[in-house]
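Paired with chain B in one complex and with chain C in the other, chain A is shared by the two complexes that follow.
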Partner chain A sequence: MYEIRFHGRGGQGAVMAAQALAEAAVLEGYFAQAFPYFGAERRGAPVRAFARIDKEKIRVKSQVYEPDILVVLDESLLEIDPVGEGLKPSGKAVINTTKMPEEIDLGVEVECGTVDATGIALESIKAPIVNTAILGALARVFDVISLESILNAIMNRFGEKLGHQSGVMNAEAARIAYLRTKIGRCSARRQLAKTKVWLPAWYEIPPGNALPQHAIEGVLIGPGSMVQNYTGTWRTQTPHYTKDKCIRCLRCWFSCPEGCIERMEDDYERWDYRYCKGCGICAQVCPVNAIEMIRGVHEWQ
Partner chain B sequence: MAMKVISADHAVAYGAKLSRVEVVPAFPITPQTLIVELLAELINDGELDAHFMPVESEHSAMSAAIGASAAGARTFTATSSQGLALMHEMLYAVPQNRLPIVMANVNRSLGAASGIWVEYNDSMPERESGWLQVYIEDNQEALDMIIQAYRIAEDRNVMLPIMVCLDGFVLSHTVERVDLPDQNLVDSFLPKFRPLHVLDPDEPVTMNPIAPPEYAMEMRYQLDRAIEGAKSVINAVDHEYSSLTSRSYGGLIDSYHLEDAEIALLTLGTVTSTARAVVDYLRAKGKKAGLIKLRFIRPFPAEELKLFVRDLKALGVFDRSLSFNGYGPVFTEVRNALYQEGIPITNHIAGLGGRDVSFKEALEMFQVIEKNAGNEKGMVCYWHGLRGGS
Partner chain C sequence: MQEKEIRTIKDLSREEFLTKGHGACPGCGVAVAVKNIARVLGKNTIIYVPASCLIVFTALYPSSAFKWPFLYTAFENTGAVISGIKAALERRGKQGVTVVGMAGDGGTFDIGLQALSGAAERNDDVLYVCLDNEAYMNTGIQRSGATPFGAWTTTSPVGKKIQGKREFKKDLDAIVAAHGVPYMATLSIAHPNDFVRKVQKAKITNGFRFLHVLCPCVPGWRSEASKTVAIARLAVETGMWTLYEIDHGVEKLTYKPRELVPVKEYLQLQGRFRHMGEDDIEKLQNWICEKWRNQFYEEVPVPPCKLEKVKKELILDEDPLHGP
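What follows is the complex of A and B.
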């Protein structure tokens, strides 16, 4: 049996990727399953999805702890999530990154395929939804499933849900990624990221299901916890502000759903990149194009 | 001390008044109506300093009660039957948030077919909600138990809601002599409510956040232990109350002529009183009959029950509701607790849908129990008063 674990962020399509992989496996005559694990259901929040592929009917219904294949849809997760945990030494990894496999430090040394899935997605489907591109890379690394089946599964799942044209575009993203994937070995110099998880015994849980201000215990987060809990790592693109073009209309300041645009005394703006999720609304509403969305996580002042 | 001849519904309302409740969100429903009406009157007349909230449904009544209790107010509500069923969703938020709300539930059957008469199939399913549940025998106990309920619920080691269950009409609309304790005495027994957490805009807290799997199981276990831990508080509160009023109800569980008894019936609610009369009758005939009065079904007094039944040759369990396709819920609880005790236990279903449970029927229960002593292969579940035979 092959066990596959996908790490992504809400909105990148990790769940659909796992499902399409399972479908591709079934098209090849295997039994397969795919299922998500949702934490906070927010765009940008870390999510996991799982798949299993076997020649026999699959009985086990638990999550995957020791994957054969690891798929990372967002490189920034390596810093905050122990994505490499449990990956078998004989296993393989697929990473969405602009780096070469040898430049990737996963904390586990395995055969590794890297691909700029974000770039391919932006090219072919005009959105940073990287799941289909990463499936193409996965077909290169994980030779059990052919690219042919992956493309058929994408056409079936994405075509049915989003229309034939969307299926074609997504299949194209996978085909390009298959060709551009670089194969090598990643390194294991770094320690796996330590997530800040508070796992109390039952008698340590505060009775009454109430948390005071600034309490940040595990996922039970009280009001004001944003002081310690930065969400800026979630973005895939960053707004770049050109002060010279700004006419001080304050539309961006009004529109920011995250409240991370600071209005200065002279009505020019400043971004708090610790919380900017890169939604791009500020750039959309700006009447003079003073705000440009630049790919990647940056900070300018 | 004032003496009044009042219904149990009014006794409950006076109990709430003496407990100085601060918020009463409620919706009137037969046979609970008299409670809500009297409380509305007492508040309107300025005899009780509380907010009365007439709500549009019981779901809202419990929602408002949760908000009031979370804001730090001593909160009371009352319901019955369909109303309790409508509250079901909101009931579960109360124990997990450790809000010590006291609610009177005047037991009444759930439709269909609709009926307004006593049956416990409204409250028994809520055993799984995390609320403590006590069943009442007479009007005096109804009043005393409301006061005790607040003391138990608000104890720092408990902090759990309590449902005070009383028989529709048999108690709710029956007048009896009730002694009302002095306000000063109740004040000394029941200190001001000190909430665990308070909803306050100046000191914000998150109440009831999402609990992912990493925490939910520990939270459930903590609640389970809190319910178990309420046992000692319930017994201590009963003891202290009796030292002030000379009225003891036994805490979790009580007995009558059980010392040398060979057979006994376990009852709850008003049938207990009828069964006391049957025990007297049988004792006069030289039969060693006894009675166990179950007061709380949550927490369930499993250990106490084991001690009570040690010398019995047979035990019967009365049920005024039914888990369809089997037995009554009280029987299931009791037999589960006594699995290893090796005494024959029979289930006695009677009084469903408000059918009167007569002296003769209660006597018949004891006769079946006696016949069943030492009989391992006898029938287990008997319906009394059923036409056509069970």
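What follows is the complex of A and C.
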């Protein structure tokens, strides 16, 4: 049995990728299943999807904890999530990045294919939805499923849902990605830290379920504890603030959904880029264009 | 201690009660609304949230983005639970605590309507906030009583026979107003000074207060993240959303667009209306004019109802910063 785990961000299409892969496996005569991780995840938040492929009927229904194939749809996830966790040393990985496989550090040394799926997606489908491009790369690394089946599955799945033209464009993205994938071995320099989850036993839950405001083993719990989530890794564009132009109207401060704009004592602003999701509302509401959005993740003082 | 009255956004506290790091989508209108309501309400507040996006992105056990005591039970009983919290506080002799319930439009218009009606009828001393993003966004965009005419959702899909929702938006404000509540108001995140003034008023009024905020939703409305506030502003300018308050029976329009902008400009920014044909848009436009007439006993200037292309700059609120 082959177990595949997809790591992506909400909106990138990790779930669709898993489903298309399962469909491709069915076209090849395998049994397959595909399902997402059920959590409360929003657009831009790290998400997971899983697929299983086998010659026989699959009776396992759990999540994939020890994948044979790891697919990472967003490079920045390598820094915030232990994506390589549980990956078998005999496994393989596909990563969306502009780097060479040797520069990638997964924490496990495996055969690794890298592809600039974002670039290919922007080129062929004019949107940063990378799931189909990454499937093309997956066909190159994971030789059980042929590229033809993957292209057919993409045509079926996307053609049915979004129209024939969309299916053709997505299949083209997969074909280009198949050709451009670089194969190598990634390195294992980083330590894979176990993600800490506080799961209280019944006697640890405070009376009335009211959580106090404190830390347990370094993990904050209780009111205000979400400050430990650095949501700034979600952004693809960064606001740049020009203090000279600012007229201190506080409109950006009012309209920021994150609260990452800090209002100083003299009513000028400062950005806390650790939390900025790059939505661009601040630049939109600024009456004097003191804020402009710049592509990429930056930090300015 | 008498707190400073909040009249403009300059008077808002620098202290945040909805902290950073919550998991809302980029450009979330609900987050903007809740964050600013929190800044006005201040420290002495208890919040109750039923099943909605708000609980999912702010309070996943054991962490929470609110610096307030947070309660959560079931979907349909926001009005009942906040009444209960207030009763418990009164029994224990605690004064000066604002009890706020923040429900989505599903939890208010459809599922929570009976509990809301009960609390309003009993005139319990609580604040009820309806964060209206016009569908059940948390469970993946299903139609609710708040969804406007013609909008695409997963349960009002676009097909050959029926294109989008066929019913008009429920007038919840009229239902709440019919209970004779001491204070109720509609809010828009694009009119900050009006927003904070109304929340401040709701905070200091005694009895049942109801605030209704229009919160654009990026994935559900198929809009651009940066356009959230612009869409909220256009909703007011086109008459899809009316800004008014009813303070102890006195109805007051707090902001009136000098001339209604054709609704088409509002629809254009959102993917959920992309399929709408000319006749559907005209039907919606007529509904807006009709609503305006019924609400304010005032004839709408003719141009918007004829749906001609009016080249006119947006008329903005009284804020001097919004001048040309």
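Assume the second predicted complex is superposed on the first by the 218 of 301 C-alpha atoms of A that agree within 3 Å, B and C clash if a C-alpha of one lies under 4 Å from a C-alpha of the other, contacts with A are read in each partner's own complex, and residues count from 1 in each chain.
Simple rule for what comes next: a residue touches a chain if its C-beta (ideal position, glycine included) is under 8 Å from a C-beta of that chain, and two chains touch if they have at least 3 such contacts.
Keep in mind the model is a prediction, meaning the values are calculated, not measured.
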Partner chain(s) touched by A:Y203 [first = chain B, second = chain C, both, neither]: first
Touched partner set for A:K243, first chain B, second chain C, both or neither: neither
Chain A residues touched - chain C or chain B, whichever exceeds: C
Partner chain in contact with A:L211 - chain B first, chain C second, else both or neither: both
First, second, both or neither for A:R190, with chain B first and chain C second: neither
Partner chain(s) touched by A:W234 [first = chain B, second = chain C, both, neither]: second
Which of chain B and chain C A:Y275 touches, first, second, both or neither: second
Chain B versus chain C as contact partner of A:H164, first or second or both or neither: neither
Touched partner set for A:G44, first chain B, second chain C, both or neither: second
Common ground on chain A, meaning residues reached by chain C in one complex and by chain B in the other: 40, 200, 210-211, 220-224
For the chain A and chain B complex, residues of the former touching the latter: 39-40, 197, 199-203, 205, 207-213, 215, 218-224
Residue ranges of chain C touching chain A (in the complex, touch as defined): 9-10, 12, 14, 16, 18-29, 31-32, 35-36, 56-58, 60-70, 189, 192, 218-219, 224-230, 321-322
Parts of chain A lying in touch with chain C, wherever the complex brings them together: 10-11, 40-45, 198, 200, 210-211, 220-231, 234-235, 247, 249-251, 253-260, 263, 267, 272, 274-275, 277-281, 283-285, 287, 293
List of chain B residues in touch with chain A within their complex: 96-99, 159, 196-197, 203-212, 214-215, 218-219, 221-222, 225-226
